[in-house]
Structure formats: structure tokens, C-alpha cells
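Two complexes are shown next, each including chain A; its partner changes from chain B in the first to chain C in the second.
Let's turn to the complex of A and B:
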């Protein structure tokens, strides 16, 4: 083996170790909640023995599982609405609008760039006026606004690789606009659309800032409930809740990873 | 394969503007049923715009499009029943070959058994039955274009539009497919409209050629008519090589003479050109010219001048001489060279008066120069 290739292997292993270290730095603080959630003690401390008491508590306390259920119900519907709207917006940005494309894109991206608190204040004000605070549709609408930019970004990326001639070809073969979209365009931009939907779901699922403004005693999403629990009580159920939140988020991210691998292969 | 007869196409006053640019300036054209018509012209000449208008991808600002007995302006493309073959094939990458070909039939809600039968038949015609289950990206460019052809023909359109379908293929494959497309045209009997900027391709393929320039039609004629009797300088220079002499035209007795620099040559009288024009052009094709050693006698029915050999180019079946005489450059093609010439030889260049073609010079119209043949489009593909 030559010296050069030995040096190459060495530098590659150093790089690998470095990556693992950075990864641990990013993930470890988050993972601290996992052992605590299995703690047999009655406060937020590292466990001495194994216990599922906090998970039992989570699923028996309507405050906790209610929040989780609300969060899931909001997340799924937000994913559907934001994906539909975001995909249409991305298509318009791609093939229409002309000179208004730039401004329109900036406008659509705004919820991603404007500081969350500012957006939250605006949404809170509108929600107060329209009686949407502490309501299911209030959360759905607010989260949809926040989720649309993610869908626009991923679908735009998919459309960039889409050959516009295919739509013309479909039309010449007898496919009307709806049929051409369903049978030609959608299957080809599907990876972007699905990725967008996952991001939209995640955006809603772990959104806390706007949700704090919209929440109240009668309607809380899981992140808000976690925040309230940590700041107002010493209930270790929060560790179990956090672990569950973490699990769902991780599963969605892994799905996203699998999806991008599939896309690479195609 | 059922042979269905193609329909005629009538374009009347077809006009398309993009902002201030007039892409198409009121063209009139009649295409006969079952004809193989080629649209030939440089990029931006309006040929592809015309095709897009017929296909319905863009709507005209003025004019009529009648295909068969249907007025098509305002009809969306998916209701026109016209097959289109694109330069980059435009096959659906997520569908297998057979599903690509079945696409137009399924859109028409044809019965499953009929779909299978028709797809099988048309794949047979293009010779790709064995690749039916492949994905388009597993096929070569030539095979992909055959699939595109099959897909555009399977639903029995009465008109097929081909937009530079061979532009992306290499020369050998292009020549094979040219013959293949001609064969399919004969087999299915559909009217074909074929867009190309390649003059050789136009000559090989077509019944008739429509030469486009600056959004207008220069001439519509058969290949041989276009080559032997071009009406405009543009048409003459776009199709084939030519020697061009430009200058004022005068009548001297019963003879018509063109004065080009120091050279004055007799032009055929049947051109019908106004003898008082200030600027006319005489076109002589390279193979109509004759070169003989200096001092050779010249017949009175010939034009002649003394010229010097600049270059001798061997082109396989023929020899091309590049000459310079009377301050102009001449190209001469010899099929059966009798003498050997070399750079610097002095020779007599001659051509029969009636081999010259008097053509219109466009006032301010752009003409492709002889040095840069109008095939730059291809180089950028």
C-alpha cells in the first residue's frame, strides 16, 4: 500500500470520528430526556431503576394525551392542506407569473424568514378578532401558514428537474390539463411533494411559539403542554412526552431519508 | 395497422407576435392530404412557431388553421387529435415503453384488449416489440425517438407534426431514421409536417419543402424545384451551395446582362425579372460550372471568365475547386475530373447561360452567407 493511499485512509477515519463527535454534540442534549422518561424516581432526575410509570401517567392523564391527540390531528390536516396549497403555489412560480415571480416567491417564503414571535403576534391578533384562539381550526390555519414555505421549497426543487415538454406531449396525446397533471406531472414531482408533506407535518407537530399564543386551558398542543409542564410543575411525565415527540419526529426524518435515497436511485 | 388517410392543412394569414417581435407574419400555406411537408429555415424563422400553432401549444394573434374540415383556432391541444414528435423525445420517464405508447389510447378510454392490440401493432411498425417492457431511459436515442413516433401515431391521428425529431442524434443514426420515418409515412398514409433546419434532411425526406425566413414563407416547392429554380436568393443559399453574382440588370439588345463589379454576364431571359432593377442576383450551382485549362475555346451559349485556382478539395465522389476570378470567389464541383489542377493554375471558368438562375434579392432581408451555413442551431444542441 502506498504512503499516499495510507494517508488518505487516515484522513478519512479522522473525518469520520470528527463527524460522529459533532453528531453527538448535536444529539446528546436532546437524548438526555430518554433515560429520564424511564426513571423510577419521582422527580426530573436520572433513573436508578427502570419504570414505565411516566408513560402510564401520560396515557392516563387527559391533559397529556389530549394534547398529543390534538397535535397529531392538527399535524395531519396541516400536511394535507399545506401540501395542496404549496404545490399549486410552486407550480405557479414555476410556469406562470412572469416578472412577478420574484416578489411572489419572497411573499410565500416570508413565514419562514420573519421571526416566529412577530408572526405569532400577527396570527394571535387575527385569531382573537375571529374567535379562533383555543380552537382546532385556529391551530390548523396558523400552522398551515408556517408550513407552506417548506412545501414550496421542496416542490420547486422537484419542478426544476421536470421537463415542461412532457406536459405538452401529454396534451398532444389527448390528456386534458387535470389528466396531464395527475398522470404525468404528479408522479414525476411526487418525491418533492411527499417530502414537502413530511416537512409540513413536522412544522406543525413541533411548532411551539404560535401555539403558545393560541393555546389556553381548553386547547393545548403537545409542545405547549411540555413547556407549561416544565415551567410550572416538576412532573416527570414531561420526559415521557418529550421522548414520544422525539420518536415521532425521528421516524418522519428517517422516512424523509429513505425517500431521498429512493429519489437518488431513480 | 389500418391505413388511415391523412388530411389536408390550410393555414391562412397566420400571425403570431411576442411583444414587439413578429414571429410569424401572416403566412398562407396549403398542405395536401397524405403529403410529407418539410418546414425548413434557420432558427427564429417561424417554422417551429407554425408547428406550435398547428399543435395548439400557442394561439395565433390572427389567421385560421383548418385541418381536414375542422377549424382549430381556439381548440385546446388535447382535443385536436394531432400527433406530435418532439426533438428531445418527451417520453414519460415513469412509464414503460408500452405504457408510453398506450397513454393516448387510455386517455381515449379505449378497451383494454384494443389497447394491447394497437400498442403491439404500432411497436411492430417501428420495430421495437422486443423492448415493450423496458423503461425509456434504458433505450438509445434512436430507440427513444421510435417510441415517440409510435406513441404519436398509435391513436390514428390524421396529421403528425415532427419538431426537429432527429436533431439530437448523431449523423449515421439520423440517416437511418430519416429513411425509417419515410417508410412509416408511406405505410400509415398520415400527413406529415416535419420541421428541420438541415437542408440535406429536407431534401431526403420531403414531397415538398416550405422555406421559412424572418417569419414569412420564402418559397414552397418540391425539393428539385427548390434546388433548380429557387425564387429568392435566401432560398437558393439555404438549400445547397451556390455561386452568387449580384449587381444591376440591363437589357442589351435581346440579351439580359448582369453587371457584377468588373464582370458582366448574360442571364437567361425567362426569369421574368424587371430589367430595370438596380440589384439582382444570379445563382449558379457549383456542379453547373465547368473548368478548363487556360486558353480553351468557349461556346457562345456560355458565360465565361478567366480565374485562378485557390484550392482543390477532394470530397469522395466529387472534386470541389475553389476559384477566384474578377474579384469574386467561385465554387465548382466536378463529378468526373478530366484534368489535374493545383493552387495557382490559371483556368477558364464557364457555364451555360440557361444554367444561371435569376432570383429576387430581398430589400434589407437577411441572407445566410456562404461561409457560415445556417446550421448553428445544431452546433449548440
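Let's turn to the complex of A and C:
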């Protein structure tokens, strides 16, 4: 074996080891909340024994399960509204608008580019003036505007592979625009739309910076409640809540995976 | 396509190949109508653009009581405040450190992602996606546990006989946590960029007498620059506006600009000052994004690879 190829093998195995370490660094640290959530002692130390008391605590404290319920209720409605608005916008961006396409797209993407804290103080100010702080619809409106870009991106991506001739064919066979959309286009771009909806849900479900401003004693989303608790106590109920949150995220991501398999089969 | 969009596309399920379907170019006959974009535009205008613009208007109209002198008072206060300028400088330095750390950890990872089989790639993608979509507050909280003085990391070091300095509540711990939190935002765009590089160019270089190492440096790396730029700017810009990680892992004495903005608005209700700081932050962000786009475009043009992808 030549020296050069030996060096090649060596550098390749160094690369592999490095990447395994980086992979572990990506996944493992977050999972530390899982053992802590089953801990038998009230501290951040690694547990000695197993206990479910923090989960019991979570489901008995209205502050905790109330925050979880609010987060879910907001997330579902945000997913519906953002998907409807975002899908329509993506279709117009894809096939109409001409020279206005670029500016319109940039405008719709802006909530993703502007740093969260800037959006947050702006929305906070207007919410204060309109009485929307600590209200369900305040959260829904703010989260929807942050979720729209995610829907536009995913639906645009799925439209890029759509054969426009199909709609023309449907029209030539007598279908109106609405039924051509419903019967021909929607089934084909549906995976993209569903992905967008899941993205929108996760965006709302994970959002914290705007929510911190909109939250108060009467209405708090789960990430805000977690943040507030971390700064105040070492109570592992935070870890139990975090574990539940991670579980929901993981389930949604598995749905993603299933969806992309379905899409590839087509 | 902006770099964030590219990241998202890499983050989402694979989109159907554009090659299969003909582009939908028959605009006039079968278009769903430009008006369909209107609801989303109106929504973003009312819920996003108006509040943000309102902030900037407040920055030149809303003065702390008793000190109003001219329209630029808030900016004058901010730009001449020594402590605030210190914080701004610190924000940039820490963001640069986070970006460099992400590069060192993330570039080899993204590179290997393009070199492995389908199964290994799926595994590696999963390892990036899970943190990418996990809650930021939860991931930061995990670092609070890990870095705390009674936490597993310190316990492990103690059992090895090492007495490590405190890691929670200072810049070191914050940089460690922020790097891990932002790593997926680096890996995804870089991977998307590297995927498009034609590896046959490396074979060509080697067949012309270059050593593999030289071929990698002289041929591969220049082609990788657009992806690396995309990942680095994304991480840098995100760390500039970072709130939760410095708030939970750092110390109030060594805060970053976002914490100061929150302090001014949420605690002191000084929207004018908060707005002025927000505008400085936004201007820095846009400047960096613009400069990065310019550098990348010049680079790709010099290489003659056009749009990169």
C-alpha cells in the first residue's frame, strides 16, 4: 500500500470519527431533559431513582397543562390559517404576478429574516394599543405571520415540479377553474401543502420570543412557561414539560418522514 | 433564492424533481390569478410590517420624559452610551466565535453527508433535523442542566479529579451552548451547497497530476464557498439577534443586544430607545446579509459557475 493511499484512509477515518462526535453533540445534549424528568429528587443533579412525580405535577398544575393546551389550540389554528394564506400566495407567486413576483415574495419572507426580537417589540407595542396581549387571538395572529413564510417555501417547492399542462387539459375537458384546482392540482401538490401545515404548526408550537411579550399571568404558552420556570426554580417539572414538548416535535418529524416517503413513491 | 429558503428546502422532504414536469408557463389562460396573493400580503402588512415600521417611527418620536431635544435623541443616547456600545461590540465578537465554532464542527459533517450511502445520510440528516425543529428554549434549558455546578458535566470532571471553572452564567458557557443550538442552521445550507458540486472535477484534477489534498484545496473548496458563506451568515445573523441562549446561559453583566432591547421595551416601556436599538440591529443584519450576497456573487462569477447550483 502506498503512503498516499494510507494517508487517505487515515484522514477518512479521522473524518468519520469527528462526524460521529458531532452527530452525538447534535442529538445527545438535549436528551438530558429526559432522565431529569424522571428524577426522584428536586434538583438538576442526575437522578438516583425513578419517579413520575414531575409528570403528575405537570398534569395537576393548571398553569402547566393550561399552557400546554393553549399552545396546542394556537398551533392548530395557526396551521390552518397560515396554510390557507400561504398556499394561495404560493400559487399566485408561481404562475401570476409577472414582475411583481420578486418583491411580493421578499415581502412575504420578511418575517423570517428580521430578527425575532424586533418583530416581537413591534407586535408587543401594537398589541398593547389594541388590547391583544394575553389573548388567544393575539398569539394566533403573531404566530401566523411568522408561519406564512414556511408554508410559502414548501408549497412553492412542490409547485416547481407541477405540470401545468394538466390544468389546461382539465380545462379543455370542461372543468372550471375551481374544480380543476380541487380535482387535478390539489392532489398533486397535497404533500407539499401538508408539509407546509406541519411546518406552520411547529413554528407556532416552538415560538417563544414574541410569545414572551404577549404572555402574562392570564395566558402563557408552554415555551414561555418553561423559560419563566427555568429562570425561577430548579423544579424538574420543567424537564417533564420539555420532554413532552420534544415528544410532540419528534412525532411531527416522523410524520414528515412518512410524508416524504409517500412523495418519493409517486 | 435566499439562504434561509435554501436551508428550509434542505430541511423539508425532497421536492419532486423539476425536470419531470414542464414549467407552468401558460400564464394568461390558466393562472389562478394574481389576487390570490392579496390575503397573505395584507396579513403580513398589518401584523408584521406595520408594527415593525411603527417601532422605527417611535424611535424618532417617542422620547424618555424630560429629555426630548431632537428627533435623533434616542440614537444619540444609544450610540454615545459606552456600556451599550460595549454590549454591541460583545455581541459581534461572540457571534463571530459561534460562527467559527460552527464551521469547525459542521463543515466536516456536511461534507461527509455528501459522501455516504443513503442509509447513513438519512441517519445524519435525522441527527440535524431533530435539533433544527426542537424547541430553542428546551435545548437551551438542557444546557442549563448540563453546565450547572451540580450537573452531569461538572460531576464527571470532578470524578476525573479536574476542578473546572464555573461554566454557567458566563460567556464561555454561552458560546458552547449557542454553538450547539445553532449548528443545524450551519450544516443544512452548507450541505445543500456541497451537494451540487460535481466531484468529477476532483478526478479530473487528480488525473492531471494534482495530489488528492491539493485537488481538494484548489478545486473543491472554492466551489464550496457559496454554501459555506450561506451557513456562516445565517449563523452569524441568528446569533446577533439571539435572546434565550444569552439570557439563560450568559450573565446579565455580559449581556447581548437582544437582552438590552427586551429590557428597554418590556421592563422600562421605553419603546423609542428600544426601537432605535432595533433599527441598529436590523441595519447590521441587512448589511451583513447584503455583503455576504455580494461576496458570494463575485466569487461565483469569478469562478464562472454562474448561479452556483
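In this text, the second predicted complex is superposed on the first by the 246 of 266 C-alpha atoms of A that agree within 3 Å, B and C clash if a C-alpha of one lies under 4 Å from a C-alpha of the other, contacts with A are read in each partner's own complex, and residues count from 1 in each chain.
The rule we apply is simple: a residue touches a chain if its C-beta (ideal position, glycine included) is under 8 Å from a C-beta of that chain, and two chains touch if they have at least 3 such contacts.
Because the structure is predicted, anything quoted here is derived from the model rather than measured.
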item	value
Per-residue contact with chain A, leading partner among chain C and chain B	C
Which of chain B and chain C A:3 touches, first, second, both or neither	neither
Chain B versus chain C as contact partner of A:145, first or second or both or neither	second
Which superposed partner A:165 touches (first chain B, second chain C, both, neither)	both
Touched partner set for A:36, first chain B, second chain C, both or neither	second
Which of chain B and chain C A:199 touches, first, second, both or neither	second
First, second, both or neither for A:154, with chain B first and chain C second	second
Chain B versus chain C as contact partner of A:179, first or second or both or neither	first
Partner chain in contact with A:17 - chain B first, chain C second, else both or neither	neither
Shared contact residues on chain A - chain B and chain C	163, 165, 168, 171, 177, 180
List of chain A residues in touch with chain B within their complex	163, 165-166, 168-177, 179-180, 183-184, 187-188
Touching residues on chain B, where the partner in the complex is chain A	55-57, 76-84, 86, 88, 90-94, 103-104, 107-108, 151-152, 155
List of chain A residues in touch with chain C within their complex	4, 8, 15-16, 18-19, 22-23, 25-27, 29-33, 36, 43-46, 85-86, 88-89, 91-98, 100, 104, 107-126, 141-142, 144-145, 148, 150, 152-154, 157-165, 167-168, 171, 177, 180-181, 191-192, 195, 199, 202, 205-206, 208-209, 212-213, 223, 226-227, 230-231, 238-239, 242, 245-246, 249-250, 252-253, 256-257, 259-260, 263-264, 266
Chain A partner contacts - residues on chain C that touch it in the complex	2, 4-5, 8-9, 12-18, 20-27, 29-37, 39-41, 43-45, 47-55, 58, 105-106, 108-109, 111-112, 123-124, 127-131, 133-139, 141-146, 148, 150-152, 155, 180, 183-184, 211-212, 237, 240-241, 243-244, 247-248, 258, 261-262, 265-266, 271, 274-275, 278, 281-282, 285, 289
